[in-house]
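Look at the two complexes coming up: chain A is in both, with chain B in one and chain C in the other.
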Partner chain A sequence: MNAVFVLSGLGIFSLIAEIFNFRRALFPIVVLGLIASAVLLILDWNTGHSYYSNMLTFDNYAVAFSTGISVIALLWFMMSSDYFHNNTHVTDHFALVIFALVGAVFMVSYSNLAMLFLGIEILSVALYILAGSKMKDLLSNEASFKYFLMGSFATGFLLFGIALIYGVTASFDLSQIAQKILSPESETSALLYAGVLLMMVGLLFKISAVPFHFWAPDVYEGSPTVVTAFMSTIVKIAAFAAFFRLFTTCFSPVSPQWTDVLIVITVLTLVVSNVTAVYQHSVKRILAYSSVAHAGYMLITLVSLTDISSGAMFYYVLAYAVASISAFAVLHNVAGEGDYAIVDSFNGLAKRNPFLAFTMAVSLLSLAGIPPLAGFFAKYYIFTVAFQAGHVGLVLLAIVTSLIGIYYYFRVIIAMYLKSSDKTESIAVPVLNQILLVICLIVTVVLGIFPDMLINLL
Partner chain B sequence: MNNAVSAAIQGVPLNYYIWLSTALFVIGVLGVLYRRNIIIIFMCIELMLNAVNLLLVAFSAHHGDGAGQVFVFFIMAVAAAEVAVGLAILIVIYNNTRSTDIKVLNKLKW
Partner chain C sequence: MLTAVLIFWPFVAALIVLALNSNQAKGWALTASLIELVLSIYVAFQFQPTAEAQFEINTPWIASLGINFHVAIDGISLLLVLLTTVLTPFIVLSSFNHNYEKANSFYSLILFMEMALVGVFVALDGFLFYIFWEMALIPIYFICLRWGGINRGAVTLKFFIYTLAGSLVMLLGFIYLYYQTPGSHSFDIKALYAAGQSLSEFDQRIIFWAIFIAFAVKMPVFPFHTWQPDTYNTAPTQGTMLLSGIMLKMGIYGVIRWLIPVVPGGVAIYGNVALIISVIGIVYASCLAIVQKDLKRLIAYSSIAHVGLIAAGLFTMNKLGMQGAIIQMVSHGFIIVGLFYVIDIIISRTATQEISNLGGIRNIAPVFTTVFVIIMLGNVSLPLTSGFVGEFLLINSVFQYNYIIGAVAGLTMILGAVYMLRSFQQTMLGETNSNTRGFIDLGTTEKLVLFPIVAIIIFIGVYPAPLLKISEAAVDNLYTIISSYQALKGQ
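This part shows the complex of A and B:
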């Protein structure tokens, strides 16, 4: 809980820093603040306190995910430091990102639907601005507008769902709602099911699952690369953790009603996103469709609930986020000022900068799920969970779609190592980005060798 | 308000409120999907949120529970913040394209 105060204070401090001309000191202070919030969160481990008359509950699930979010945010700040330093509105951007993090922490620790709503909005409103932060660029404007439109449209559905559930249960509190649904005298009515489905639609928009994914590739492509990296890692973790928390704690009594719907959506997400990604030329778009595809794999944990589902999901999002951050960091360096890279821009990268090519290859292999990297074990555990729950067909389909996935990840790898390009000048990488890439490389390998560390946490 | 009117309002069954706000919500959704002017789209989003507000207030009165009305305040505050950001985005788009029609936003496609 103290981490929320630290993060909010940090955000307000970044706003004031502009006035006192603290710009240079801001980056180290933000890094220290994020480390402090991660430490404070870890101190909350196993306490399970709830705060403000049960608005937020920092149980182990919330602590694990918010610590993950702080650590990924730290990596993200290392990735985007040079982008910020070339930018005139550096303090505003820092403040927006940090407020978005506060929203993300709310989204993983809420125990009241009001906090879920506020968390989503705090996160989203900050991101609408960040997505449009290249004001003169029409693509960035379009991305920002599409994100805003889809975000508020989804919020409308989410709120209508909340209102209907409130109508049936007369409460916004997760545990009370679950009790009311379970109690025999409650008319578990059409209103309740409609509410659950509408909330599901709202949250599926946020995690960009097919058929609610159409905004994601456009928004990811138009936004500045660093913002895209933020959306496809931290936003995805927070939205998915919120989704999982809601449907496992609150709506588990009515699971027969929503599981079938979710299975259909999972199948659609896996097939449509992986097949569409094959036809893309822009690397950012390939990564966007890959992030939609990964949402599909994460959804598998939700339709097959066993004891280790939440652990497997936590491991999956971390493995995915670390690999994604490093892939976006390489993309950011290769694309340079223009902020746009097609697969051919990666031609001959192995000669121009072997280090960038190697880290990109490792992170793409991890995203594709090649052993012994983290991504492989992440998929392996998710498939195990699905097997235990008896969804054999779903597992077979997911294996086929990950084979399709290997094809489009390898297009980039083949371009880097086997094709030649007329550009020969080497690419200079800022020191912080090099450190970040080394860290991501180590984490991807270590998580792959010792997966039990995270799986058994939850 | 005189007593006859308030008695008449309290006599309205809950179902009517549910149907009314569902109708308003659907009008909002259709407006977002079919209108082409960005400002009208913003108004339709507001309509969706206000349909939710009406529903929450009706349920809140029905259950005799204040939480629903507090939630409505949250929604109003957040909707105001959201629309401020939305209009700022609209102004940036207008400065770059001199248009508020969503036809100009077709540069990103697969």
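This part shows the complex of A and C:
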């Protein structure tokens, strides 16, 4: 909980830093603050305290995900240092990102639907602005506007769902709702199912599952690359953790009613996103569809609930987020000022900057699920979970779609190592980015070889 | 401990070589692979030819999932590890005449590959086996992608996706078996054997296909071979040597270690199907080899034919076939690497791999011709070459199984003689033409590679007893597992 105070304080501090001309010192302070919040969160491990009349509960699930979010945020700040340098509204952006983090922490630790809603809104409002932060760029504006419209739409669904559930159970509290649903005298009404489905739709929007993914490619492409990286990692982690928390704690008694729906959505997500990604030229769009595809794999944990599902999901999101951050960091460096890269922009990267090419290759191999990298073990673990729950067909489908995934990830690898480019000047990479890429590389390999460190946490 | 060193030394060496500059990389890679060779020879001398798995390491790796780092060496593993460690220095040495761009990455990948291959041959945990199995695919993919020939992007991607698809289905089979193991589940080989053998016949059939396809793609057995000729042709020579000399043996080894004892019931039912498609593959690939105009492709198809015979021998499920398969694996490794090197020499000197453009090399390069003749005769399985011992045992076993199939399988020798002798005649004999006029006889490094290979081919052909002795106990052990299962079912 203290971490929330630290993060909020950090956000407010960033806002007033402009007045006191603290701009230069802001970056190290934010980094220290994030480290502090991660440490404070780890101290909360195994305490399981609830705060504010049971609005937030920092159980192990919440602590694990919040810490994950803080660490990924740290990596993200390393990646995007130049974004803050080249920008006029430095402090505003710092503040927005940090407030978004606060929202993300709420989303993984709520135990009251009101807090879920607040978390999502805090996160989203900040991101609507960040998506449009290239003010003179039409695409960025479009992204912002689209994201805003779609996001509000989704929030509408979510709120409607919450209202219906309140109508049935007369409570916003997760455990009370679960009790009401379980209690024998409660008549499980159509209202409840409608509420569950509406909330599901709202959250599926946020994790961009098919068929609620249409905004994702455009928004990802239009936003500045660093913001895209933020959306596809931290936002995804938070939204998925919120989704998982809600459906496993609160709606698990009615799981037969929503599991079938979710299986259909999972199948659609896996197939549509992977197939569409094959036809993309922009690397950012490929990564966008890949992010949608990974949401599909994560959904598998939710439709096959066993006692190891949450561990599998946690491992998966971290493996995915680390690989994505480093892929986006490379993309950011390759694309340069224009912030736009098609697959051909990667031609000959192995010659222009072997280090970038190597890290990109490792990240993509991890995303594709090739052993011994983290992405492989993540997929493997999810397959075992699904197998245990008896969804063999789903596993077979997931295998086929991962093979399709290989195709588009390898297009970039082939471009880097095989094709030659007329550009020959080497690409300079800022020191901070180099450190970030090395860290991501090490984490991806080490997590893959020693997954035991993480999978038993939850 | 020794086994772990054997696995991870090439990996350490790969990192060292990667850090060097391109000029130093060659020498260091050769030194590293020679150190590995010395290590493996030491292991071979320490090895007791019993059925026991030796030099065992068994420590928890991912404890919560019942995955152990379990490696050990028995007779079959030892032969394949030796094959790997003997061939790798030759493969490194064979590249000395080429000047590859970014040579440090190139040699680093070869050493990385050696690690994965050794790992595959010693792993006794299903998950560990799978990890090494896939790890072998990454270096070879990048070797082919970066240093390969025309159209390598598409060809290597096809190869990668093809083999990965096969192995993912195998992984699925392993996960299924894993959930059949008692208690908190385990991937240990003994547990998987027990789980597999306790399955109902129907389940064994499904698991058989799930696992078999992965191995069949790797070998490759007809009709899963379509990736192979293109990939062999496109890959740089060293890549082709790794693929055909060692990597292909992964598939056969997989059948021996991870298919037959795991689902003996499934093999008993579908073994004949596998046998028949293997034999079809022999004839089919031999016929295609006869009509090839391109030397490299010809050898690629000949490789499919020979592997088909090995697979056929294995699925007869008799001891003779297994013993023959193991000898032939070793022999084929040396012969095919020798052949691809011979062809590489021809291509690099004449700049053509079309058979019809060549001719008359014998007139100007007698040493080269002699070497080529011996290796070629090994490939046609002439007595006193290593090819004969293995193929004789294999054909014999197929004959015992069914004499008609045996007769068809025996065609491999005749057809092999047709395409090998004809291609030899067309490239080496006749009039020297403009392409071959400047042909220089073997240089020092080339002799260093080819002479030992020729010596090994002849040595195994004349005196195969050491190989048989090393593997015999392990083969007996395997045979006992199968026959005890069958006895159990027979009751």
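A few remarks follow.
FYI, the second predicted complex is superposed on the first by the 458 of 458 C-alpha atoms of A that agree within 3 Å, B and C clash if a C-alpha of one lies under 4 Å from a C-alpha of the other, contacts with A are read in each partner's own complex, and residues count from 1 in each chain.
Please note the rule applied: a residue touches a chain if its C-beta (ideal position, glycine included) is under 8 Å from a C-beta of that chain, and two chains touch if they have at least 3 such contacts.
Quick caveat, the model's predicted, so the values are computed rather than measured.
When the shared chain is aligned, no partner comes close enough to touch A:F106: not chain B, not chain C.
Of the two partner chains placed by superposition, only chain B is touched by A:D218; chain C is not.
In the superposed model, A:L396 lies in contact with chain C only, and not with chain B. Once the two complexes are overlaid on the shared chain, A:W76 sits clear of chain B and of chain C alike.
In the superposition on chain A, contact is made by A:P451 with chain C only, not with chain B.
In the superposition on chain A, A:G167 contacts chain B only, with no contact to chain C. Using the contact criterion defined above for the overlaid structures, shared-chain residue A:Y409 touches neither chain B nor chain C, since it reaches no partner.
Counting the residues of chain A that each partner touches, chain B and chain C differ, and the larger count belongs to B. In the superposition on chain A, the residues of chain A contacted by chain B and by chain C do not overlap at all.
Across the complex, chain C is touched by residues 350, 365, 370-372, 376, 380, 383-384, 387-388, 395-396, 399, 402-403, 406-407, 410, 413-414, 417-419, 450-452, 455-456 of chain A.
Touching chain A in their complex are the following residues of chain B: 18, 21, 25, 28-29, 32, 38, 41, 45, 48-49, 51-52, 55-56, 59-60, 62-63, 65, 67-68, 70-71, 74-75, 78, 81-82, 85-86, 88-90, 92-93, 96-97, 102, 105-110. For chain A in complex with chain B, the residues that touch the partner chain are 114, 117-118, 121, 125, 128-129, 132, 135-136, 138-139, 141-146, 148-149, 152-153, 155-156, 159-160, 162-164, 166-167, 170-172, 191, 217-218, 221-222, 276, 279-280, 285. For chain C in complex with chain A, the touching residues are 61-65, 130-131, 134-135, 137-138, 142, 145-146, 152-153, 157, 160-161, 164-165, 168-169, 171-172, 175-176, 178-179.
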